[in-house]
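Just so it is clear, A, B, C and D label the chains in written order, and each chain counts residues from 1 on its own.
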Amino acid sequence: MTLDVAPPSQMGSTGDTLPPGGVVHRRPWWMGQHMGTGLLLGIGGYALGHYLGNTIAGGYTHVGTAGENDVAIVLALLLGVVGWLAGVGALNYPLAKLAGREPVAQPDTQHWTRFFRFSVEHKTVGMQYLIAVLVFLFTGGLLAMSIRTELLSPTSHIIGPGTYISIVGEHGTVMMMMASSLVVGPLGNWLIPIMIGSRRMAFPRVEAFSFWLFSAGYFVILTALPLGGFPTGWTGYAPLQTQATVGMDSYLVGFSVIGLGMILAGFNLLVTIINYRAPGMTWSRIPVFAWSILATSALLALATPTLAVACMFGILDRTVGTAFYVNAHGGSSYLWENLFWFFGHPEVYIMALPGFGIVGEMLPVFTRKPLFAYRVAAAGMIGVALLSFFVWQHHLFQSGINPDMRPLFMLTTELISIPTGFIFLVGLGTLYKAKIRFEVPMLFALAMYFNFLIGGVTGVFVSDVPVDVTVHGSFFVLAHFHYTIMGGLVFAFFGGVYYWMPKLTGKMMNKTLGKVHFWMMFVFFNLTFFPMFLIGLLGQPRRVFEYAQGLQTLNDFSSVSAFCLGASFLVFVVNFVWSIFIAPQEAPLNPWGSLGLEWQTATPVPQHNFERIPVVLTDPYHYSEPGASPVADLAPTSFAEFAAVGAGGGGPIARGEP
Amino acid sequence: MSQVRVPADSGYVATPEELAYEARAAENALFTASRLMIGCFAFAFAALAFAYFYLRSANSYDLWRPHSVTAPVGTGTAVMAFTAAATVLLLFGLRQLRRKDVLAFDVAGWVAVLSGLLALGLQCWELTDLPFAPATGGYTSVFIGWAVMNIIMLVSGIYWAETLLARRARLRKAITEEGGAVRGVPSGIFRLNVDSCVYFWGFIAFVAVFFWIFFYIAG
Amino acid sequence: MSEHAGTSGRPGAGASTSSVAAGTARPLQDIWRIVGIWVALSIVGDLVFWFVAGPHVPPGDMTSSASGAQFDFNVLFMVALPVILAVWTYMGYAVIMWRASRPGAPEPIGGPRARSNLKVQLWWIVVTTVVVLSMFVFGTVELIVPAGAGGAEGPNPIWTPASKNVLPIQVIAQQWQFTYRYPTFGGMETSTLIVPDNTTIAFHVTSLDVIHSFWAYQLGVKIDANPGIDDVGYTTTNQLGKFTVRCNELCGIWHGAMYDYGKVVSKAQFQKWGTSTARATAANTKYLPPFAWTYSPTANGATGVTAANTSGQAPFSKIQTYGATTKAKKVVKNVQTSTTTITTGST
Amino acid sequence: MVTRKQLQPVVRREERGLSRSGRIAVVLGLFAVVVFLAVFAAMAFVATEPPTVSFIKGHKAGSAVHLVAQTDGAGGTGIHPTWVSYQVKTPQSGKWVHTTLWQLPTNTRIDVTIYQFDSGGPLRNQQWGRVTGTTGNAATLTGTTFTVLNSYKRPVGHTFSVAALGINVPLAGVKTTEKGFCQSGPCNPGTQLHHTVTFSFKTPKTPGNYRFQCFIPCGAGHYAGNGGPMQTLGFMGGFLEVQA
């Protein structure tokens, strides 16, 4: 260790220092540890694990009869992930720490290659996440296109049935993995420290680690296809899971790896929001987006361990031969259903809450009105997060659980629509007598309300047990959750991307292309998924490659709309590439006229975010309020200043009175 | 080394107020994080406990625990005992550290790590030499699940304790000086870190005893 | 205090004092307009739905549970439509009337009154809570009164039909076809489901391998098939006709092709069909395992009826004893449960 | 009021060296590479589907189609050589092809001969011991007509079942211990131990893909014996592609 002592201000809690000056690598960009070495070691790890697995378990009779060695595949995937992490340099510090070493300062070059390295700078990690979730999204989208292609005809015609369910499962899994990090990953990591007035994340290495696990998960889940796919869909129901071929191992390992990444990402964000708020950033002043990320992070950190454990049980069943999910051996097929959905339902809100936060940020800006009922919004998000732990058995209504549990879970499920309704109260209240500017982000925000309303109301149908007898597991449910996840979260995400892109990159997205993207996406999203409610009611179960002849018209309509929906994403890609890389247009400092703290900093945001740690004077929603205090003092002479003005949110300026 | 030092030129100098603010934030973050980490592990072990009680009450085909199979009680008790011993030792070490008896902290800490490693080794050994097949019943499955999770938990706990002790070995006495900061590690933070680690070990011991009871004693 | 931050982002700040007048004349004019449009739309929408679409809403009215589901769906829709219309009307009104590009659009008003309104918030919470709770009460009544509404009640149903004459039919799901056993006809097994009219039927659904779901669409019945579990659901037929049975839980490659068609026939026809089929299949029925509520076939066969598996003997070869030594090899007593053959109980 | 310049960070902005057309070219090039890779991956993936054997080419309308297939304990070729699988004789060249996609003409009698080389066991569900859906609801096993096979007495190697057409024919298994047991396909009906099962059925008038599968748990090493070959096209499940 030849490093100088970093000033204590940059010392992390567990010694996670991040000296902003730090050390610069003099090596050329292609040397050192980066994605390339990660891939190399990842492949090496895969090969080693495969070899080890064959050595250990190759002789077992069942491996011979099945013609497949699950032990080898699991070990290969796990060691592949370890190799990837070691290759990108994620393990350097954790290992050095064993020898008591202090953190090695990170290369903080602003060279573009930083996006391919293990960077602990939250804005770099945010951009890495942004690209990664888009890759995930488009991969899942292409798979969706092939699903819709197969469903053009009521019988099997282009894709074989085995390939078809592999694609269905792959689509679901990739999309779920993507959606659980869609907002938290890019926007959460990038914006949250700036929004709460912090110079850093609580655990920058944990944050970076979560990203590299996330990206490793992408490769792991992709290996499922060449390994023969998995037949279970994203829900991975056992004992079909136990029965499946080695592609299933990719699912189990992939979900564990992604799950670990989700836990770490949520862990870091939660600790950061709780502890790194700037002076004066009281709980009643943090942006509503931070509230949503707070609630989401809590769900990520607490619900996902259950998934990891359930996946571990599945791996043990398939490799060591335990019988967690095998009834005939003292296990239970319900065990997976319970554990999975105990994670799975909070997961659903992991994929909804950040969207609420984003639209909550954008509505005041584009209506020039304060956010209506801020406390209700916060309460709604926390309420949804809490309740989401008590609803999971509604996925098991028709599975033969104890019948008297069903009214109870019907109640909890329907209760959750009350805090969800708060979000609508906030939105509608903010629109009241507003001055709505139809910028691209605002269009997405309004569309999110439009879509999520349909998704939410149909959720009440699904939660009602007698109706659920008909719609459970049908295309109705499929349409329902696409309306909430895609109609809600993905729309909000794209709104957020258009909204914050000037901050993230300093470039404006093209407005015309943005509007074309929005209208195509909005119209064809609804044309794709609304018919699915009818298709489901008319008796088409999910994940089938054959359906009733009479449903072909509706399915074809839906398919063609889906292709157009797919094309709308191409418009986004063209817009993205054009506006950021080809013909960049410098963005104004605060193009939307937002009061949010993140818009008060420079663009590009300096590496340490703030020259001085700001003193926050009020919440960022004082629109159309002459004489309101500025949101923060960016150059405070002393932190005591806020105590005089805003301690406890009590001062006249803080209350927004003239 | 191809690294060179450059001055912290990114353009800001922290004021003493900011330093104090960030130090306090770091301390609070450590406190929150250690408790949250226990929360994450608690949910994981809750899933295991759920599997245990669910399969036990479902008792499919009367195969929860055929012939009352039991994992080796001696080994299991030893694993639990070593885990508990490590916790007690760390607790003692923390107390001595608070009294600035660093030598006692070092000795207790390293013995605790050793004890944890023994528990870990025994747990691995027990897993490779079970008197039943994994698929014998629900009990055997959940037991193997527990053994794997216990290994993961012990590794986490030992890693944390070891890194603290290793850092302490590098930093020597300086950390005990009240308010002193050597190489950027304020002693307050270090003590809080040890404190959190011990807290986590308390959780490990609780889980170890809980599952020891249900797997070996009250099954 | 430095004033530089934040002000750049408030274009409306300068001109807002003049805008107060617009809202004061008739403060709730907009709300009344919205309510008017909403009430009109809701009444028309609900009436049109109830009388035009309602009677055709799937799954029809072939059985008590199907018509129950239809009625339920219609009632929920009658509630949901005004909720959706309320939000859409409001949003539509807002988008048209309160857009910035509208000539003469007044400046919005900020300040405490725009930030929260206790009355509105309370009303919102009360109304949503009342709607939600009444939906819950309605749903629970609709679930309990018609004996589980055609859904799965597990092995120990608590809401059973009042009728004493319940026809038990066993649905055996396996990869990838349903078969049906009729304990009332000597435990014969068929590949098509024929049920009598005007009869309360108890479907006992079980699986031989993975999880399936028995979805008799027009009958309004959906019951998951779990291996080793006897999952029961009830319905009462009240119409003749054909229906579709589909597997509703992903069960592997041929999940999409796991469907067949059944028929509701008159009681007399059912009796006739039953006796003739029982005779026709007698040659095979005698080889079937004795009728039981669940079956646990061994890996390469179908011998097992419900019984404790003598451990150590793997029912399927995937589970092996590698990595561990098998010391415990005491013989465990076979526990036979619920293997009684049912021979009575029809119509 | 802080101007943009004042807030400009110390971080140096990257210089952009490329012209606009240069950047377009780079992006299009990258795009082409990505598209190529995606198409390549998709093609490689689709190529794992088994080939189709046509019984329509060269078939005279009105005459019966003779379909000859064999079931082997191990397919011997392909990516899973140890998996149990069907082989079918092409009508054109008489070669054995490892596939389960068989094209058949509509409304035609199909005379099926299956050489069954695999060993057998009891059915998971004895229901599939019945012969249904064939002409006369019967089949012949080495010359003897039968309608029901007691799978506990007479182990069944496979069943040929087409659910949508109501066809089910159990194919009796051979003993692994006997001489001439075929270890790996394609097996030779002339020399190796097998059972010959024949039956006829009529293809429906409506064209369509009718799946056929096997109801014996022959995916050894997988839970309930229904994994692996049972869930992969070209092994124990496939389509009768009935076309006009």
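Please note the rule applied: a contact is a pair of C-beta atoms (placed from the backbone, for glycine too) under 8 Å apart; a residue touches a chain by one contact, two chains touch by 3 or more.
It should be emphasised that the depicted structure is a prediction, and the values quoted were computed from it without experimental measurement.
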Topological distance between chain B and chain C, in contact steps: 1
Most widely separated chain from chain C, with each centre as the mean of CA atoms: B
Closest chain to the centre of mass proxy, which here is the mean CA position: A
Chain C and chain D: spacing of chain centres that average the CA atoms, whole Å: 34
Distance from chain C to chain A - Cα centre to Cα centre, in angstrom: 28
Centroid distance [mean C-alpha coordinates] between chain D and chain B, Å: 51
Overlap residues in chain C, where contacts from two or more other chains coincide: 4-5, 7-8, 209-210, 228, 252-254, 257, 296, 309, 311, 316-321, 323
Touching two or more other chains - residues of chain B: 9-11, 60-61, 63, 66, 133-137
Touching two or more other chains - residues of chain D: 2, 9-11, 211, 220-224, 226, 231-233
Chain A to chain D touching residues, read off their complex: 62-68, 110-112, 142, 155-157, 159-163, 225-226, 228, 231, 239, 242-245, 326, 577, 581-583, 589, 601-607, 634
Residues of chain C that touch chain B when the two form their complex: 228, 296, 306-309, 311-312, 314, 319-321, 323-328, 330, 332, 335
Chain C contact footprint on chain D (complex, rising order): 1-2, 121-127, 129-130, 132, 147-148, 150-152, 161, 163-164, 166, 211, 213, 215-217, 220-226, 230-233, 237
Contacting residues of chain B [partner chain A, same complex]: 1-12, 14-15, 17-19, 21-23, 25-30, 32-33, 36-37, 39-41, 43-44, 46-48, 50-51, 54-55, 58-61, 63-66, 133-142, 144-145, 148-149, 159, 162-163, 165-171, 181, 183-186, 189, 193
Touching residues (chain side chain D, partner chain A) in the complex: 2, 4, 7-14, 20, 23-24, 27, 38, 45-46, 48-49, 80-83, 208-209, 211, 219-224, 226-228, 231-233, 239
